Amino acid sequence: MGEVIRVTVWNEGRHEKTMEECKAVYPDGMHTVIAGFLSAEPDIEAGTATLDEPDHGLTDDVLAATDVLTWWGHMAHHEVRDEIVDKVHARILDGMGLLCFHSAHYSKIFRKLVGASASLRWREVGEKERLWVVQPGHPIVQGVGDYIELPHTEMYGEFFDVPQPDNLIFVSWFAGGEVFRSGLCYYRGRGKVFYFRPGHETFPIFKNPQIQRVIINAVRWAAAPGSEAALGAGNVVPLEKLET
Amino acid sequence: MGEVIRVTVWNEGRHEKTMEECKAVYPDGMHTVIAGFLSAEPDIEAGTATLDEPDHGLTDDVLAATDVLTWWGHMAHHEVRDEIVDKVHARILDGMGLLCFHSAHYSKIFRKLVGASASLRWREVGEKERLWVVQPGHPIVQGVGDYIELPHTEMYGEFFDVPQPDNLIFVSWFAGGEVFRSGLCYYRGRGKVFYFRPGHETFPIFKNPQIQRVIINAVRWAAAPGSEAALGAGNVVPLEKLET
Amino acid sequence: MGEVIRVTVWNEGRHEKTMEECKAVYPDGMHTVIAGFLSAEPDIEAGTATLDEPDHGLTDDVLAATDVLTWWGHMAHHEVRDEIVDKVHARILDGMGLLCFHSAHYSKIFRKLVGASASLRWREVGEKERLWVVQPGHPIVQGVGDYIELPHTEMYGEFFDVPQPDNLIFVSWFAGGEVFRSGLCYYRGRGKVFYFRPGHETFPIFKNPQIQRVIINAVRWAAAPGSEAALGAGNVVPLEKLET
Amino acid sequence: MGEVIRVTVWNEGRHEKTMEECKAVYPDGMHTVIAGFLSAEPDIEAGTATLDEPDHGLTDDVLAATDVLTWWGHMAHHEVRDEIVDKVHARILDGMGLLCFHSAHYSKIFRKLVGASASLRWREVGEKERLWVVQPGHPIVQGVGDYIELPHTEMYGEFFDVPQPDNLIFVSWFAGGEVFRSGLCYYRGRGKVFYFRPGHETFPIFKNPQIQRVIINAVRWAAAPGSEAALGAGNVVPLEKLET
């Protein structure tokens, strides 16, 4: 309320360097586009960080000054160092929000958070996707109608091996015959996690105004502070007198 | 964001007229106290409505101009007219928030929303309650620590016959040996419902600053707009060309 | 375990009398077919009951002797008497299982149990449906592979106005562009409820072996006894000595 | 149905060697007692495995022949080799059930499955615990009444940093003033996980008939086969003809 939400947009940033089709869509990298539309909001300030920076751009100082981290990775998940993943994980439990887009389902941090394989079926032929709203009361779908339609995208299909979310927001339809739970909210520790399926490296998904709307909403949802309840309170004395 | 949340505080309002102990704590009725601390917030404007007003104070105009309705009832649940309950129910599915306090577990509107008996065990001897936070990332517990302690209150105990909530926020401990799921979030239609156990008619629960903190948070949570997805879209034409 | 599960298959039974296409598929009524494949199982004994019998075939004795009730209705939901619905509801809270098929989403009993409108979008042109398994560890999908395909059926689409289920089992894809949460488990009181989307009155869905497999599994799931924990324990004495 | 459930009871097995009080209660180790009461059931055959055996007793052959694994560990979680944990994790996603007792909340396998810290508050003074049933329809509480009382046990208190379970079965009351979500069901991949709080190394919890009842029920729940839906189906061809 009145305070600025500090977002760090993390991007693997490799496709943009190695793949002409990706460069054509995101000449300055996906992170620049995502940080751009986020920073255009009056209550959000977004910086960026990428895999090839020292500590992947996620130093202790950056993490401490981040309210919501967004994550995109695909071809180099294995290059993300475990110690950085552990720090990000600890910071989420401590209250930082996390948004994982598209192929980030296979990132180390997302798999660590969900505790399952996060595997799925997929196909990359540019078919149509329609994301149907299945929990219209949730703030993440403010300003969204019955569904969002993406004319050309990669398909992700069930069975998506993730836990039932705390709140299931979107379910996707694909022209080729599959469905997918495509907007998922999870609480972990004092933090909040949103997985959002869209976000391909060559289809210009992050430039779609409705996708941007959902991401902006999700940033606000994930940034909302909760309780300062202790994690790991440890060995404690009784609050009540015990019989002896 | 910048807009004012319009709250209607509904109160049965009978104990305050018929019961000296209640009158002593709430001389102008519980609704006045609740509306008072809500209206002290810069983003909330709270009016009141009571059972004995025409249409229980819940005319179509009042409901249409209400973002969040709060509900307290106890001795006269059966006097609430079914047609009003149906209107409130429809308005919730349409997007209005609802907060039910304490004995409102047995109100017609809450039982209609949960689809179970909402029965429980209880005891009224003024024992201690401690509400533990079990989902610290949720905005409803912003500003709350590990727990809230109420020195003297009525006991409500499990089994509480309600559906598993979408988000379980508080679990209560009682000195006499029981536990209770005491802060419950439910999505229904485009609306949001929060059941909060505290709120007795003679113990001055609604004057407790931590209880007020939770109720203010819950108003904001329940007021947040979601999607305009249609309810009851009915018979529709295909979005895709079907084989013939 | 060794004991027989007593099922009552309830059917509105009107389409079979008034509609030639329905009569052609189910000359003896849908209930006869459903009771038939259930009774072929060694651990299940299924009887039937229909709308036009006295008390809709659901006398106190029948309900008391029913472990799992299955429900199909469509054109005459409003003719089901409220007092019978209330008895069925009470018996579910008391531990009876309930399976609701297809258009039973709009039955009085299902709407009473879910507390929302249960509205949806629909289309009846005989398009293809594919029910994808999204919780493969659940016993209701024993013997089912990645999905079940129905070549011709009615479409039901989101937003389906029901609460998030305790366990979401199936999500459907439809050729015309919609999705639907099509297998939903709910706990209510001591009872269990399963909503299963398939089951049209003219497409021969109940003769499909995979659909039969799911229904048989669901009967066993819904019949499994739980705790004898009291509903409505009422006013109780403390379990612990309280300070005075 | 008719087939035997193959259980492997895993135990760290160190307290029994190093701690007189533990030896006194479990002279042959906790695993022997647990395997004993399980094997007394007509449909269960239980073997054992311990930390100090080669591969901690969890060879590929043992895991392949295990329907449900139970886990107890406390002082030597860190000695469990990561590669074994990874195998157990993969086997759970593949359909094996897992039951984690008491201090196994901090085991590598449980923390990997829940994706959070699994931290909590605790106290070891032998106070009273009462486990209240909060989902009486669940098969895990078959034969249990309103609650289970343990006269002397260790306290575990909230905030317990685990995800909201798919099904919350028990909530515990402790004499010293805390509560705890003490019976938790999680689905992961094709497998099922149950965390059950009781099970201390010196209080004779595993000899309590009601605790045994819950564990036997949980073994049956976790062993029930589900779907053979593929995990990691990978790159797939369209099921429908796509426009070109």
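Just so it is clear, A, B, C and D label the chains in written order, and each chain counts residues from 1 on its own.
Operating definition for what follows: contacts are C-beta pairs under 8 Å (C-beta built on N, C-alpha and C of every residue); 3 or more make two chains touch, one makes a residue touch a chain.
Note that the structure is predicted; figures quoted are calculated from it, not measured.
Taken together, chain B and chain D share the touching chains A, C. With centres computed as the average of Cα coordinates, no chain lies farther from chain A than C.
Comparing chain pairs B-C and C-D by the number of C-beta pairs in contact, the larger count belongs to B-C.
In this assembly, the C-alpha centroid of chain C lies 32 Å from the C-alpha centroid of chain D. Residues of chain A in contact with two or more other chains: 130, 133, 135-136, 146, 157-159, 164, 166-167, 175, 177-178, 187-189, 229-230, 233, 239-240.
By the touch criterion given at the top, residues 93, 112-117, 119-125, 127, 157-159, 161, 163-164, 166, 175-178, 186-189, 229-240, 242-243 of chain C touch chain B in their complex. Within the complex formed with chain D, the chain C residues making contact are 1, 43, 95, 130, 133, 135-139, 141-147, 166-167, 175, 187-192, 224-230, 233, 239-240.
Looking at the complex, you find that chain D touches chain B at residues 130, 132-136, 146, 157-160, 164, 167-168, 171-174, 177-179, 181.
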